[in-house]
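Across the two complexes that follow, chain A remains constant while its partner is chain B and subsequently chain C.
Presenting the complex of A and B:
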């Protein structure tokens, strides 16, 4: 996307751990995910969270495309994962 | 989810008749960022309206500024619950931009620099209800607020007023945009609290 990669109005992916815990039984930000746009594969904790948005957006730190969208719609929570083509969780 | 806190940006005041249900008044102008802020050079900026036949109507920044300009005073209402009353904008009415456009479509998709999209019925863009705004409070619109130019559709929740707008695509059928495809309402009337599906 068009954008300024030096824009600093974001948090690291760990900020998404709490909201995503409604969907995943494990701490999903420790899992590795592949960006469907550029192919970069890394821990979701390294992704960028833009907190002052209409929902939670996790963006790829490499290309800034969206990995994941989470919208809290009151009586429902909506999760869009089309920006993630692969997720790997290591068993400990 | 706790990421966006309703009322975080202003003192809770619900007694103003200009406030739709569930909204708080704010004196500030909160920035809701969905990603990096696009920086668009006006020399490279253009605005397009693309019809169902593929015809593209195109305005450069210079051509856009040469069109009839409107000064608009209006209230704005964000779906995250803040409202700002009596805001001042300057821009070009969509009525002016559509004067030369022939289309049978009833729906549009706004497209922005940066990839954002939002759907708005054509009726809601015409009749003195919507503008492409390039000034706020007498100053050039800042990039954080959508500059060089944003869509201004103040009678709908403000996510419909797409920042960094670059064009409108005419659609035969209504289709969801960026937020509408993930939980947000297709229309977004603040007086009916049309926030989510």
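Presenting the complex of A and C:
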């Protein structure tokens, strides 16, 4: 893979549900999030997941900037949410 | 939803095709799940190396059992073990079921269009099974029309064939199978790739405003979602689940 963002090596945001369940008590991929770069606001499940050997990146489907970065270091796991300026959960 | 990693026991194994098996797991403490959810499976080597993969749940039972149908990928790290080696009585580490987006809600009265490419049929089968279960209840979704369009390489690659034939006889359910490489014996129709015209002809019209679920390889999902939008479906009504891989377009 070349790392080209137009390639097809990505999954739906839904694929991040398992790893993110370590941080959030609810299913956060169903929540709406706002991209800190372009302002697009939609369910995180509609963003693109790029898995890699040490975690995953969630990218905005509008501007392709990084919304969320998860790094799994074995005995600890880190979450960088800099690319999300707002998250809205729906209560059921 | 069960949180964190839990140990499930394999209680039944069924060969679906030459390259795919269904594993029935028992996950103590689980009280059902939502149709369309997946679980993560973690395999650990003695040296500490781990590999995690996601597999959709095919079943729609209310208890502590789950069916996963796994297709063996030639260069896979996890699927060859699950398809060739795992036996009844073995234990697997699983997380979930998780995912609250690509799910069918029995309380939703909307008509439903399911579109599967190959093994993408797995979570859609859970929705069909949940619909059948809801049809005998007061859930509004049980009275909704359900259609499945299933694009598959050939008759040997079809999952759940006999059950799909039975479901297709139900008044509310419609199943269309498109064979892309090899047609069934005795069929008059040559194998052909799914195209936009066939898609429009064999799916619920945009005017019905159906909830649409598309699952398959990334290229399949991209192409089908584009055709649906061109046919007038609202992008907000189309939910997709790419299972990755570069795969082929329809």
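Keep this in mind: the second predicted complex is superposed on the first by the 83 of 92 C-alpha atoms of A that agree within 3 Å, B and C clash if a C-alpha of one lies under 4 Å from a C-alpha of the other, contacts with A are read in each partner's own complex, and residues count from 1 in each chain.
Here is the rule we use: a residue touches a chain if its C-beta (ideal position, glycine included) is under 8 Å from a C-beta of that chain, and two chains touch if they have at least 3 such contacts.
What you see is a predicted model, and the numbers here were worked out from it, not measured in a lab.
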According to the stated criteria, A:53 is in contact with first (chain B), second (chain C), both, or neither; which is it? first
After superposing on the shared chain, does chain C or chain B touch more chain A residues? B
Of the two partner chains, chain B (first) and chain C (second), which one does A:80 touch, if any: first, second, both, or neither? first
Classify the contacts of A:35 with the two partner chains as first (chain B alone), second (chain C alone), both, or neither. neither
Partner chain(s) touched by A:21 [first = chain B, second = chain C, both, neither]: second
Which partner chains sit in contact with A:45 here, chain B, chain C, both or neither? Use first/second/both/neither. second
Touching A:12 in the superposition: chain B (first), chain C (second), both, neither? second
For A:68, is the partner it touches chain B (first), chain C (second), both, or none of the two (neither)? neither
Mind sorting out which residues of chain A both chain B and chain C touch, each in its own complex? 9, 15, 18-19
Which residues of chain C touch chain A in the complex? 1, 3-4, 38-40, 52, 54, 95-96, 98-102, 218-219, 222, 239-244, 246-247
Residues of chain A touching chain B in their complex? 1-5, 7, 9, 15, 18-19, 50-57, 59, 64, 66, 69-74, 76-78, 80
If we count contacts the way the header does, which residues on chain A are in touch with chain C in the complex? 8-15, 17-19, 21-22, 25, 27, 29-30, 43, 45
Chain B - residues contacting chain A, complex: 1-4, 30-40, 79-80, 113-115, 159, 179, 181-184, 195-197
